[in-house]
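Naming follows writing order (A, B, C and D), and every chain is counted from residue 1.
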């Protein structure tokens, strides 16, 4: 089972685990990214995720190709959610299974690291003080001119 | 939430994830080890896990101490199951949560790696040909004199 | 001169006030040429230095040649995960 | 001479045919001395070379001194996970 998707509904991590699991796999690894209530010391109420969806899907597929090539992992599923997310909601989930633990662990880490670098997805954080901002993980925040 | 346990009932990985998750954590990592249907090319029907339970529990606690010290992860739960397990059953599950992904991923990997090295748990594999053996991961199998 | 429609997202779309930007494209223009042209457009004056361009749904280097049928997007710093 | 009861598990228990092994312990004996004594016992002749000993539920080096009240176990190669 290999699958990637940009979704606009809640992510069911348990279902991703079930998708990759099989009698030949002794190791299942899962990573879930969730919306935190604070970022850089600011209190966050919610996040809007937006994507260049067709490219994000293509980029996710390329990342899965690379993970399979590097780690020999064929059971690998990733979903990234877009839209309005609340605190605690899962924004991304990656599940991998393999006969042995190292490839399962390595491939999950590879996929989340690459998503952070290159999948065209953006998030606007809504802060408790009423402001909002596009997040730039490089540290240079682009003040949104839509704040209000 | 920090907890370790040797259990003799099924492991509920989703419940471990829920235990470690919190609004301040943006990353949850989970590893589940399951019983495979083959090992070293031999067809496996089932596995009995046994432990030096009081020491295994103490060793798991020491491993969690070390993971917290090394990676700053306070939300870390591990369960290892003992008894008679069937193909696909989870033998071990480790869940970690942190504000950021690296400590969550690193601590899960550390805990499973250390479990494999030093927690006094053993497994007897039951093969489809009717034989059974204590597994020695170092590769030197101790032929069980209880086979039959 | 043909015009290509460049897709904008997130902060770039907010800064320009649109999710599309029409950019004149000369025959033989590369991604680098396109970026030079964008910098000269009054409508794009609010954009920060652009680091990444996608052509046909994949990142493309500055030497990549462009045609008017390409799907082109400029990509703000990504923040998925 | 006092005797300590050494706990056996898994393959070691099967090889000895018991989950306990009574081992004479001299005053001042260390883990290393205990292992030498075990090797000399006919009842333990089936055991492979022992790599690890636990004293009071933690791994202990060969120089660790023992007392008759210690909880002692010899640990076969572990296979958890």
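To be clear about the criterion, contacts are C-beta pairs under 8 Å (C-beta built on N, C-alpha and C of every residue); 3 or more make two chains touch, one makes a residue touch a chain.
Everything numeric in this text was worked out from a predicted model, so none of it was measured.
The minimum number of touch steps separating subunit B from subunit D is 1. Touching subunit A and subunit C at once is no chain at all. Centroid to centroid, with C-alpha atoms defining each point, subunit B and subunit C lie 50 Å apart.
Work out the mean CA point of subunit C and of subunit D, and you get 72 Å between them. Once the centre of each chain is set as its mean CA position, subunit A and subunit B turn out to be 26 Å apart.
Of all residues in subunit D, those touching 2 or more other chains are 81, listed in ascending order. Among the residues of subunit A, those touching two or more other chains are numbered 33, 101, 112.
Chain pairs recorded as touching, per the definition above, are A-B, A-C, B-D. Within the complex formed with subunit B, the subunit A residues making contact are 13-14, 17, 21, 23-38, 87-88, 99, 101, 104-105, 108-109, 112. Contact residues on subunit D toward subunit B in their complex (touch as defined above): 7, 9-11, 14-15, 48, 54, 57-59, 73, 75-81. For subunit B in complex with subunit D, the touching residues are 33, 49-52, 54-56, 58-59, 62, 80, 91-92, 112, 115-124, 134-138, 140, 142, 144-146.
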